[in-house]
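What follows is subunit A paired twice: with subunit B in the first complex and subunit C in the second.
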Partner chain A sequence: MIGFFKSRLFWISLTIVIVASTLPWYVSGYILGLLTVAYYFGVFAMAWDLLFGFAGEVNFGPTFLIGVGAYTAGIINNQFGISVSMCIVIGALASVVAGFVLALPALRVRGPYFGLTTLVAVLILQNFIVVFADLTGGEIGLTIPDVLSIDAGVNYWIALGFMTISAAILYGLSQSPVGLVLQASGQDPVQAGALGFNIVKHKLAAFIVSAFFSGLSGALLVFYFGTASVGTVVDIAVGVQVIVAAVLGGRRTVLGAALGAIFLIVAGEFLRPTGELATFIVSAVALVVILFFPGGFLGSVLSREARQ
Partner chain B sequence: MNSTATTTPVLEVRGLTKRFGGLTAVKNLSFDVHGGEIFGLIGPNGSGKSTAMKAIMGIERPTAGTVRFEGHDVAGQPAHKIARQGFGMVFQHSRPLNRQTVLENIMVALLPDSLFMLFPDKALTERAKWIADRVGLGSVMHRRPPTLPFADLRRLELAKAIARDPKVVLVDEPFAGLTLAEVATFSELIRSFRDEGRAVMLVDHNVKSVAALVDRVLAMYLGEEIVTGRADEVMRNETVRRVYLGGAIETSARPESNFADKVPLLQVENISVHYGKAQALENVSIHVHQGEFVSVVGLNGAGKTTLFNTISGFLPYSGEIIRGGEKLRGISPAHIAKSGIVQCPETRELFGEMTVRENLDLGGQHLEPAEQAKQLEWLFELFPILKQRQGQMAQTLSGGEQQMLAIGRSLMMKPKILILDEPTLGLAPVILEQLSKALEKLRQTTPITVLLGEQNVTFALPHADRVYVLEHARIVWEGDPGRFAAEAGEGYL
Partner chain C sequence: MLGLQILIDGFAISALYALGATGFTLIFGVSGVLNLSHGAIMVLAAVAAWAAASVFHLDSYSGALVGIVIAALCSIATYFAVVQPIQRSNKIPNEEKEIFVLTATLLWGIMIQELIAYFFTNNAKTVLPIVEGVVNIVGVRTPKNEIFTAVVCCLVIGLLWFLVNRTRTGKVVLAASMNPRGVTILGFELTNIYIIVWAIYGVLAGIAGVLLGMFLGVSSYSVGPLTASAFSIVVLGGLGSVSGSLIAAFVVGYLETFTAYMISPAYRTIPALLLLVIVMYIRPQGLLGRR
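So, the complex of A and B:
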């Protein structure tokens, strides 16, 4: 932990954050908007990596947690006109509750079933949104009266600040004793149990932390967009993008996941002029990285450092 | 024996039973273990030793019976609760945290089961260092597990198991895969656990070392107790001899001149292999004649597995590998295997979620149905337990049963050149005898050629026509098994 503040990784991250925070003074609103979304995605990916990389549980439905947070925040703002910050907090808490309800039974089954359960949860949420269209805006999407800010720069700073704080907390957690126990439970659950660790408890805690950050980020995102729709925060494709981002950035690195997310969003946008090809190119790059550098961006760098 | 062994037992097991579906893996087992005592469990593969330990530890929930620890029953509690009361277990297979150092791995074992421990405690680090020194990891505690030799990884497991100062230590096959010298050090360590007053339960197939170490031993068969007592008495027991120890392995080498008229079937010429900067093989040359049985003897890390993986086409190398006059370079591993060079890897590589039968059928899939059926029948005669367990998932087999399945699967491929990498790992003496007879029969009745990698020379020598000794990436000796003891036996016998 103390070592981290002296490490290269810390100084590099700090430099990147400082440089990134100066962007609003000289880049266009268009790029700021892009990065704002990318930063929220970065948090989705980091929260996901805590579960997969450390607890060893593949959550195929990150958008279940994201969606619950986003829609809860949006709906109560829409229905009751509660203040934005309250809505965001309630959204995050709703996500935690939903995550708990989902994980408690799911973590007891071993093997691929956990992943399947999370996938089904997304489908249920998606159906719920369509069926209760009066409340949720259905397929058209939910209009949200309030926004975080109308200033692109402010929105950008909020997103950057939020991502930085989330990264610090999630990374710190992953490197703390609790993170070690989590890793041990992911790696070899039987042995972790025999060493005296209640694995279900630790994984459940990881799931809750992951749910909290996913929900919080989802809620912030809809208040940035001013609208919530299935296509942006719930669809399976969005979840796949989160997963690809985390794997691309480097499993078990937390910070890498944020890099992966920023890369995916920014690259996707820059390739937009190529039309349909854009998705193809980004996916191809992702595939190449995953196949040839299974450690991802950051994983490869870190393991090289570890070997020295 | 220790004087404390006469006081009340730390562990009292009564009527312990564990059923998996229709199979009773442990049946009505009762015994006591005292503090300051080493209690051994022996028995053939699949007799329920590991299951008994897991049931005591709470990893498997006992179907019936009680496990009293210091007077109260812990049977049925989950493993993490039992562990916290004073139990530690050393597992057959280890999976340490590879990104953390040895010291950090030991520290994990010392952590409380709390969600709020966010900063490591200085005292924990000190204790972890002390434990690292205690098990002989002092000089490598800042290294990461992937860079450690096998024996040190086993030490790490011992370290974790005793980290929280347990009163009961369960050790499953600590000697498997260790060299003679390492077995001696590990015996010493385990003895020291006893001398600190712990109750130690020990399972291993290294009969000599177990007998030398234990105060009492329980022999089991098909989940049930045969006899309990002092090691020498138990080893003399008629049933134990029949179902576990078996007879002696017989020797029968044929001189190389028998084969000398032919060009060798397999020629490995001057191959070198590197893993990054480390050299794993250095100018290694060996040859094997058609029908010959050749053993490559070497300690852990000498390069046996690397040599076999290179022959199987998995690793890039310099030099040449020639089979029947044809260079193997550039041929894919799948083609090499299909052409009859079949490796039974040390790591077994079974399909864990498929049944025993499915694993075997995969091995024999290129055979004609009639031929496959015949081969299967022959195999079931060799390993009867596999016949009984056809429908069981491979990953739930006992350690030794998995080893038999791995060997069985490679035999199903009807190999022309069979490469066996440490086939004896985890096998009971009686099975070794069976395997030995099977190899002998193969040798007499088929044109099969065998390349055997072993650390266990008592198995490697009897089956070899010729022996190579591999040490630190180089071949240092070649000759017939009869001369081995005198010329190269040091460190192995």
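So, the complex of A and C:
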């Protein structure tokens, strides 16, 4: 741990965070808003990477966990008018419960079967949101009375702080002995089991941590937008974006996932003048990265450093 | 009467699902690839058939043919541009190739979908049916096109069975699915076998797409649901088992039709999804799958 504080990665990250936290003083509200969303997405992607990169499980339904957290927080705020911070905590807890319920059947299966189970969870959630339109607002979306803050700068700092803390916890976890056991059980479950580690327990824990951060971030995002809709927090397209962000940034790096998410959101905005082709271009770039630089942004940098 | 209506409509839908899923499971059985651009290829076939008929004024037979040929070409392109580079890459560890193929084909599907939306808009398109008119089956008015769809699907699946089990090429493909290395030692080029399989897959997906376009209409929004339904049918039936996929297609097709008629169209897909979760829990290898 002490070694980490002396490492180059730590100082680079610290510098980036400090520079990023000064942005509200000289950057327009529009860019701040963009980055705010990107930071929440970064947490989605990091939480996903913990499950995929380390536990080796392809979760096709990150938006199931995000959506449960976001909608629970939104609905209780809408129905009972409980304070925002309380709603966010309850949302994150609901997401943990949902993650636990999903993990029980899902962890019995592996590979594509696991992927499909998680994908189906998203489709079921999506259907239920549309069916119980009275409570959830259906396809139109849920309007939420309270917001985090109306000041773009404050919103930005909340998002940045949240992402930094999440990154520190998730990265620390991934480098800890628990992270190593997870990595081992992802790569060779039989051998890891033979060494006496309880693989299912470790994977379940990873799932729950991932669910907690996804749900927390989803709930915060909902209170930032002031609305929750299928298109922003549940749709499979959102899940695909999270997955692409994590793979693009470099799997098994955690921090890379956040970089990938910020890149995706900012690139999508820069490409807005190209109109409907924007998604095409982003997907094409992501495909090229996957085919030719499978380590992703951070993966290639780190491996070059390791070689030196 | 409602019972018969469900029986007829359910059969047509199920046959269509079966045709779509057969190609998907064939690819998985032979090369171990789950092609998540499946829905995009189906929609591409339908949109190509639609464009050939309404933009280039071809008759509906040639239109359908254009759609199928384009789907086959796109399928072969998928193999060369996306799947083969990953399978041959030495930067990607072997145990992670599966997830890379999943992600890459997913992205490829999104690219196709976005191109379709860009050139032909997101609007729903209905391909002009080859046969028109309505017949009365014991009091149930059934479009002839629905019967045509069911008949073509059954014929094509039968033809595929014949191709795989009774011809030399089919037997080589079958052998490649059992033991790729053994087939290579016998002097068959594995890449050629894969090209054949992807071409067959493309034709199957193309026919399914064009029929779907005539029967229900497609838009670029149907890409995701189509992929998801093929994926779930194939997993429900057991990955790589063609007969399992056929049974699963009929289970899902009838379950959806029944729910839509008896409860509400809004709940259409929910029972099938719940069934899938239950099957995953009790029998993770699917109905007829091997472990």
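What to note about this one:
The working rule: the second predicted complex is superposed on the first by the 307 of 308 C-alpha atoms of A that agree within 3 Å, B and C clash if a C-alpha of one lies under 4 Å from a C-alpha of the other, contacts with A are read in each partner's own complex, and residues count from 1 in each chain.
Operating definition for what follows: a contact is a pair of C-beta atoms (placed from the backbone, for glycine too) under 8 Å apart; a residue touches a chain by one contact, two chains touch by 3 or more.
Quick caveat: nothing in here was measured; it's all calculated off a predicted structure.
When both complexes are superposed on subunit A, subunit B and subunit C end up clashing with one another. Residue contacts after overlaying the shared chain place A:P177 against subunit B, while subunit C stays out of touching range.
Of the two partner chains, both subunit B and subunit C are touched by A:Q187. The partner of subunit A that touches more of its residues, comparing subunit B with subunit C, is C. Contacts of A:S28 after superposition: neither subunit B nor subunit C is touched. Once the two complexes are overlaid on the shared chain, A:L291 sits against subunit C while remaining clear of subunit B.
With both structures placed on the common chain, the touch criterion links A:K201 to subunit B but leaves subunit C unconnected. By the touch criterion defined above, A:S83 reaches neither subunit B nor subunit C. Comparing 5-13, 59-67, 185-193 or 257-265 from subunit C against subunit B in the aligned model shows that the clashing stretch is 185-193.
For the contact definition in use here, the residues of subunit A common to its subunit B contact set and its subunit C contact set are 187. Subunit A contributes residues 52, 58, 105-106, 108-109, 111-113, 115-117, 119-121, 123-124, 127-128, 130-131, 187, 236-237, 240, 243-244, 247, 276-277, 279-280, 283-284, 286-287, 290-291, 293-295 to its touches with subunit C in the complex.
Put simply, subunit C touches subunit A in their complex at residues 34, 82, 85-86, 89, 91-92, 95, 98-100, 102-104, 106-108, 110-111, 114-115, 117-118, 224, 228, 231-232, 235, 239, 266-267, 269-270, 273-274, 276-277, 280-281, 284.
If you check the complex, the residues on subunit A that touch subunit B are 1, 172-173, 176-178, 180-181, 183-184, 187-188, 190-191, 193-199, 201-202, 205, 252, 306. Here subunit B touches subunit A in the complex through residues 57-59, 78-80, 83-84, 87-89, 91, 94-95, 97, 99-100, 104, 107-109, 111, 113-120, 144, 160, 163-164, going by the rule given at the top.
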